[in-house]
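As written, the chain order gives the labels A, B, C, D and E, with residue 1 at the start of each chain.
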Amino acid sequence: MSVTSLLENYSEFRHFHPVDDVPHNPYKWAMSIDLDACSGCNACSVACYAENNLPVVGREGFAHGQAMHWMRIERYWDEDGREFPDQGAQFLPMMCQQCEAAPCETVCPVGATNHTPDGINSQIYNRCIGSRYCSANCPYKVRYFNWYDYPTTDNVWPAEMNQQLNPDVTVRGKGVMEKCTFCIQRVTVAKNNAKNEGRLIHDGDVQTACQQACPTSAISFGNLVDPESKVYKQWKAQQVELDKDAQIKDKEEGGSELRGYRIFEELRPYPSVMYLERVRESAV
Amino acid sequence: MHRFLRLSVLLMGLFAAVGSYAADAPQSEPMTEDDLGPAIEQPIEFPHVRHAKDMQINCMYCHTYARRSAVAGIPPLQKCIGCHNWIDSVKDKPRIKTLFEYWEAKKAIPWKKVHDLPDFVRFNHERHIKRFYFQLNRPVQEVCGYCHGDVKEMTVARRQKLLSMGWCVACHQKDHPVTAEGGTPIGNQAYWYGMRKPLIDVSGIIKAKGPNDCSVCHK
Amino acid sequence: MNSGSIKQLKKPLAIRLGEQTVLAKSLVMAEHPFDRRDFLKVLGWGGAAVALSGCGNGSVEDGKETVVSYVETNDYMIPSISVYFNSTCTQCDAGCSITGRIREGRVLKLEGNPDSTINRGKTCGLGQAGVQHHYNPDRVREPLLRTGDSGEAITWEKAYALIAEKMKDVSGEEIAFLSGGVSGHLKVLLGNYLDSFRSKNHFVYEAIAPAVMRAANKKSYGVEMPRFNISKAKVVLSFGADFLGAWVSPVHFSQQYAQFRKGDEDGQRGVLVQIESKMTLTGANADRWLVVRPGTEGILALGIINALGAAGLRLSGDVAGAVKGYDKARVSKDTGVSAEQIDKIVALLKARTPSLVLAGSAAEGYAHGSQNAAAINLLNQVLGNVGKTVEAAEVVPFPQMAPTTGNTAALKKLNDGLAAGKYKVLFSYAANPVFTAPGAMKFKDNLAKAGFKVVFAHYLDETALQADLVLPLDSALEDWGTQVPEYLATCAQINIQQPLMEKLHANTDGKGTRGMGDILLTLLKQRRAEEYKGFADYYAYLRGALLKNKVALGGHKVDDDTFWNETLSKGIIKLEGHVSALSSRSGTAGLSLPSPAAIDAQYPLQLIPSVNASLRDGRHTNQPWLQESPDPLTTIVWDSWVEIHPRKAAELGIEEGDIVEVTGKNGSVKVQAYLFPGIHPDAISIPLGRGHEALGRYAKGYGVNPFQILDAVFDKETGELALHETRVKVSKTGSRVIVVKDEGPVGGRQMGKKIAARLPSDKVKLSEEI
Amino acid sequence: MSKRHLLALFSNFDEAEAVVQELRAVNLKGFDADKDMIVKSPIEHPEVEEFVGDKPVYVQWFTLVGALTGGLLAFTLISASQGNFFAQLKGGKPIVPFPPNFVLTYEMFILGGVYISVLGFLICAGLPARRSPLYSAKVSEDQIGILVQADESASSSLKSIFTKHQALEIQEEAGK
Amino acid sequence: MNDIREDIAWAKINKDVLKSLENPRKLFWVILLIAIAAVGVAVGCEVYQYTVGLGVANFSNPHVWGLYIATFIFWIGMSHSGTLLSAILHLMHADWRKPIYRFAEAMTTFSLMTAGLFVAVHLGRVWQIYYALPYPNGRQVWPNFQSPLLWDAMAIFTYLSSSILFLYVGMIPDLAICRDNMNPGWRRKLYTVLALGWEGTDRQWRNFRVTYLTIACFLIPLAVSVHSIVASDFAMSQQPGWHITSFPPYFVAGALYSGCAAIITLFIILRYVFKFEEYMTLPILKKIVRLTFAIAMVWTYLNLIEYAAVWYGHDQASKDVLIQKMVGPYAPFWWTMNICGSVVPFIMFFKRFQTHIPVLFAVSLLLNLGMWLERWMIVAPTFSHGYYPWTWDHDQWPSLVQWGIVFGSFGWFTLLFMVFCKVFPSVSMYEVKEMVYHRSQATKKLEATGKLAASGKGAH
């Protein structure tokens, strides 16, 4: 009885997270990306295409802004008006930030996107009716909509290429929103194995496709509530916390020695991806 | 005046009834528990009744992948032959003859899927077998029967359960014991799914619901 | 459910596969050598793809799909659980070891093999796209014979017979075998085949190989390919070496780069200074990117040496002599790099040791490329880096398997031979010269003069279209092989290439694809039947050959099967290689750098054909992931572009998206303009790899091919094609397009938002980070 | 004792009012002005209610009940469904968040109010109704009709009242 | 400039209005055919879009909404006029509403029906639209009640059904008139059924009055809530240019504004087509025009205050969006919108034009254009200039498919409205009777007290 259930669990249902003591137990998946290591080589992006059955939209589709790259590498130039970019460019891998207070989740009329108990912003493709409200409300614009029926569109997956598709990931038809899932299929498998062995997932048991490919190991992925995990340590060392909306170092005079920040923290979506600022040599 | 008041009370009652029905409907059992799927023609009319009932062969003897993989699997032809090579008494039966024809041609048998969930559903046999067979020590035919019905009474298997989402969910929201006497706890049950407290009943048995998070079953 | 996907990729993989997988099979293998491929059979477990049903609710549909189970199987082949096999990536020559994820007999994804010293579990985008090479719908599936203008599918038997017939009375002089870089047993077989005709005409051609550098290194250090320890260096001064993008072994260097940045040992972050005329991916990651007038890299190197001397570094007499006259004023004038900047670099090089100076293809693509490389290497020597950050690499102790590295000088030789009509039979493997040869060489016309042209091809590329006989090859994921990478990271190794799945285009009715090794073996049997009759196929040959050297390969304690299966499961044979010492003499001999040429009034701009990390020389352009993977610097996809510096563009009145005509002495191309700040204003750049007229549906008709308009200028010393030596002019055609790219109209500016943030290095303490 | 219907038509409200006043005052057997008299008019004329006599309207009770149940239903339904098995975390908000539920409660409050009001209107106004035995299309045009039912015996007195006030037309139900 | 004659015969009212239900003129068929053709275009576009995918509408990934949502809001806004005229003015006893409220209510209903279609047109998987409905189902899942879209759906459903009920209840006496005057045939049967046996008895009128008043009372907060909920689709989001506190009142004002403008348009058309000059008189038009002008000023104020608040506030992202609206690719539309919405209404300021039909017709169309652009300018610029600069796109010019469906929606509305006008009386007969009756009563009273000369004519 749902009314009974409501009454029984009322206090739980009125709980807020992530302000709660332990936001997710025992898992909260998070990332940290070292922009100083990222070389912008695009390997992560291609790996994501391979892992997650992303369609190739072709020249026309790309021209219309309909590309489906869950992971996109952005390249920024300095804006100080130099004639040559003699400090190089800055690369930023951008994918779904798996916000704790995700603006996309509340607005979906059918609840196709929810927060899982382990802190991933899940996208249930079959539930999606394509209102695209989530994308409209995403500050990072990392949600991608299937404008066409790519699986049946010519040359996206001709018969042979069909065989490459990952059976653990649904092939999305037209009219469905999709986005980076932190390779939830890999997490699920790792969880299954861990359960079989009567333990929790250890750090390193699960790697996302982008992390696995990244030649400079700029991407770390792991469990934020596991004190043994690299991600936990990195977040802690950088004093980045899930429910903060600014970095202490930004408030200090002259900056500090910390590099961690999250994009658009001030909007308070509490993203789960921490970026480490790129470093520029001051001697040259 | 009283007439209208009576009418109002009646209306309110009606609304309350409709409301609580609607609110509770998702928690109730689906309407048809037994939904017999279509009869399916298989290349060989496999007699489950002979194997599972008469011979008392464990389901997982043939469907051996069930306890370690997401799919239960059809046994390789090799396995059928492995036994039937030694059972001379039935060798001239037409079904067995067909079986050997496939074997000799080294051709796989094109079985038809009987319990065919949509592609976007992730159902893991292993987890369910682990939970109910190994952990709770339920009999194997009962455990498989939760979803597959009473296969041991069938010749060609036929879908007996609804296998709709609501049907799955109805079971996931039941409180199942976490351990049974003699059963071994699987994993570190340090956490509970879906914002629900574990339930400890009078006899001290801890009970928990199935996971309720969409991405557990939807890929 | 790919149970254990990640767990198995870690350490237990080899053990698991070694003990259970392959060992279990080995019992049968002796009798049925083909069984190895049997269990890679595609299992029809439902549909190949999982689909979100287009309409409806996706209800339970019984009896529609078929489940095909194995006839026979091994215990470890469990439906819905992935198995992993190691093999070698052949997308480029770096020789990364890969682990293929296989489910129900289909290879789904390639990951890096963590045991490989080269890539240590990592891959690049190009490597990831390897599956698209395998599953490519445009692969050739049957031998094709030209009859007049059209082709006809024939059987392999017929094809072999035809070759035998054509080869019957040709002399070794009349045979030419063109190939890309080859190594391992394939090289051995190929050599033996040519040997059977006493032919020496093996032309090893790679369009964008670092051949000038090899020659320069040989001169400076005594070895062609030393090991560059980027991670140990505190300063890397790179003259156009795109080691993060497309240079030599990018995945390996990327890892080194990450360590170099973190300062793994002392927490001191390495500084990267990149000197080039057109920004490469590496340049974009540099702390200081210095734009230099095209071709003056050598002058700058000598100028730095001079300045180092002036700053107190002791220079030997000949070095001091060589750099005399390269004072800052002159160097600054010649190269466009300010004196102040040179001082900064000198100070940096002096303050932080060891450093590493790299000479890349951008510095070498000139008629004086060898000189430039020598000057840059000299800087390394002067700084005392040789032996520290430039080390001798280990060499695989099997010289017959050592890589035959490709170059462009070979193409010139072949082209000259073809022009002279010397060759009656031409074989071409892993090369596409019709596409990659400079237009000025007229290769296509010369090719027609060859009597009989056999092309071993995956796709009908431009060269295959000119062939008389096209023999379809297995993809790298279906074929057997061994490879020895040219650049060896920490130890000598032989890479094993093994099938990750059953052949996609099966050998039925004499059609289908075959492995290059198998083909060569068959051809060899036509010549030396006796010698090779013991080998049923290339697999047997390979197994035999490796087992013969079991002891040398480190398998002295185990029996043959165990050794073989372990080798397969590891995918790599690590060896004790021998190391030859680097020579320490400074290579000042013959060092003479020309002054920068005056600007040609007719063709004022230098054309830099840039090498894109994912498309390289264009052989992989038909892999749609690569086409759709944006160029890191411009974010352009599916098309070519010409990079022009905004200042130059303003002079010429060009805006982004203008279609401009780039005209050189040898033709012109029409291509969209992209204003790019990271290029010398006197240079323009067009990426290589696009502009195919054939190859397949994803490649044909996208972009332009700058190879077409290259002048046939060669390096004076090595005879290598000077890729950067073409001068062009640019004119507007009047038409415009919207450039198809990922970046928005604000062109990669952050608009005051904190998106990609950065800090100066004195504000961070990397040593305290995790 | 059979009752008979009479319908008289008048051209204006003043005369109709006079008739009604008279009918309420008259004491006829088998005729109760409160029950047996119906005034039909082409327009809504609040004065009619006054002179016809105190007849309360109950529609507003329906409205109240409808609106309250609507709101209540919405809130329970929504909260219960949010707290049912599919309790899913969304956007860092509680599973049963109040503001959105209040919005929907408000809408359902109105929906219930409007629906039940209309239902109440139909019930209270006796609609849909069968046509009364005597009806003239003139009533929907411009005349005021007064329909009475009374014992046969009273019909002549009624008629006389009507004629006295210049009834334009008097219709009489045919006797049985 | 004559107002309705107080001594007009009630029978004539019936006759005149019922005449509008007679067989239509040729012009009617011509317009109807054009409307059907427009609907045909939209259906064609929709079928194409349904089969191929939403890509044919030329959306891009950050720019996921376009004309569909803009036009959706436009039609929702349009619907507010009916409520304004019927409910608000009813409560205020403004009797001049009586000849015109019927078609205004019909407009409400039909524009809501049109708006509802856009929800479906806009969806990526419209065949799964039932996922968004709250009903107990076999999947045992409920929609997400936290989504403003669901509030929208709920509000629109409530509004639509309440409006239909309001329209219908208010029409029952007229349906009885139709029933009484129709020759036997399908129409008579229809009216007989719909009139529910209405006879105008005192009991019926008594309950009718209360019910009508009650629904009117409910409709006013409902109408306000509907458009503020539509506003909260935007205001509840986090996007720059949308996350603005003044959006709900701004939307409501905009809604009333566009509704009034549409009423002027339809007033003029109906007056001309059905020769309703005697009922839809110029003084009434003048009142609507003055009301429209007042609302235009309210809207202008809220519009300016929105800009001012954004400008004055510290949110750079919102400011950027505003600047981009002024000077970016959408600038022509944005400026047109502001001119149409805030400058053009000043024409109505001049007394001379307040009853000048051709001018007013043009003005009302311009106002509607302005209001339609307003919605587009709310939706589109935020997408092309959101928080994340990397995804700022070039203006996503809607494809012909989008234009076709938007165009067709006007045809659909016209079609519904024209059919309505031919089937149901578009002027409320009984209320006009009431109006002239009460006016004449008042005049009589004034005459009796001798105050007529002092107060001028008219008792309203």
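To be clear about the criterion, a contact is a pair of C-beta atoms (placed from the backbone, for glycine too) under 8 Å apart; a residue touches a chain by one contact, two chains touch by 3 or more.
In this text the structure is predicted, and so the values were computed from the model without any measurement.
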Report summary line: Chain centre (avg CA) closest to assembly CA average -> A
Query raised in the report: Comparing centres built from CA atoms, which chain ends up most distant from chain D?
Result: C
Query raised in the report: Hey, how far is the Cα centre of chain D from the one of chain E, in Å?
Result: 30
Report task. Mind checking the centre-to-centre distance between chain B and chain D? Centres are C-alpha means, answer in whole Å. Result -> 59
Report summary line: Note: chain D sits from chain C at a C-alpha centroid distance in Å of 89
Requested in this report: Give, as an integer number of Å, the spacing between the C-alpha centres of chain D and chain A.
Outcome: 62
**Report entry** Residues of chain D engaged with two or more neighbouring chains
**Finding:** 76-77, 80-82, 84-91, 93, 95, 124
**Report entry** Multi-chain contact residues (two or more partners), chain A
**Finding:** 2-3, 5, 9, 12-13, 15, 67, 72, 74, 103, 106, 111, 114, 116-117, 125-127, 149, 168-171, 174, 176, 185, 188, 192, 264
**Report entry** Touching two or more other chains - residue numbers and ranges from chain B
**Finding:** 20, 22-24, 26-27, 118-120, 122, 124, 126, 164, 169, 194-196, 213-214, 219
Query raised in the report: Taking all chains into account, which pairs touch?
Result: A-B, A-C, A-D, A-E, B-C, B-D, B-E, C-E, D-E
Requested in this report: Over in the complex, which chain E residues touch chain A? Could you list them?
Outcome: 52-55, 58-65, 122-126, 128-129, 131-132, 141-144, 146-150, 153, 233, 236-239, 383, 386-388, 390-391, 393, 396
Query - Interface residues, chain B side, partner chain C - complex - result: 37-38, 40-41, 65, 68-71, 73-78, 102-103, 106-122, 124, 126, 159, 163-164, 219
Requested in this report: Under the touch definition given earlier, write down the residues of chain A that touch chain D in their complex.
Outcome: 2-3, 5-6, 9-10, 12-18, 99-106, 111, 114-117, 270
Query raised in the report: Which of the residues in chain C end up touching chain E in this complex?
Result: 55-57, 738, 742-746, 748-753, 755
Query raised in the report: Quick one: in the complex, what on chain B touches chain E?
Result: 21-22, 25-27, 30, 162, 164-167, 169-170
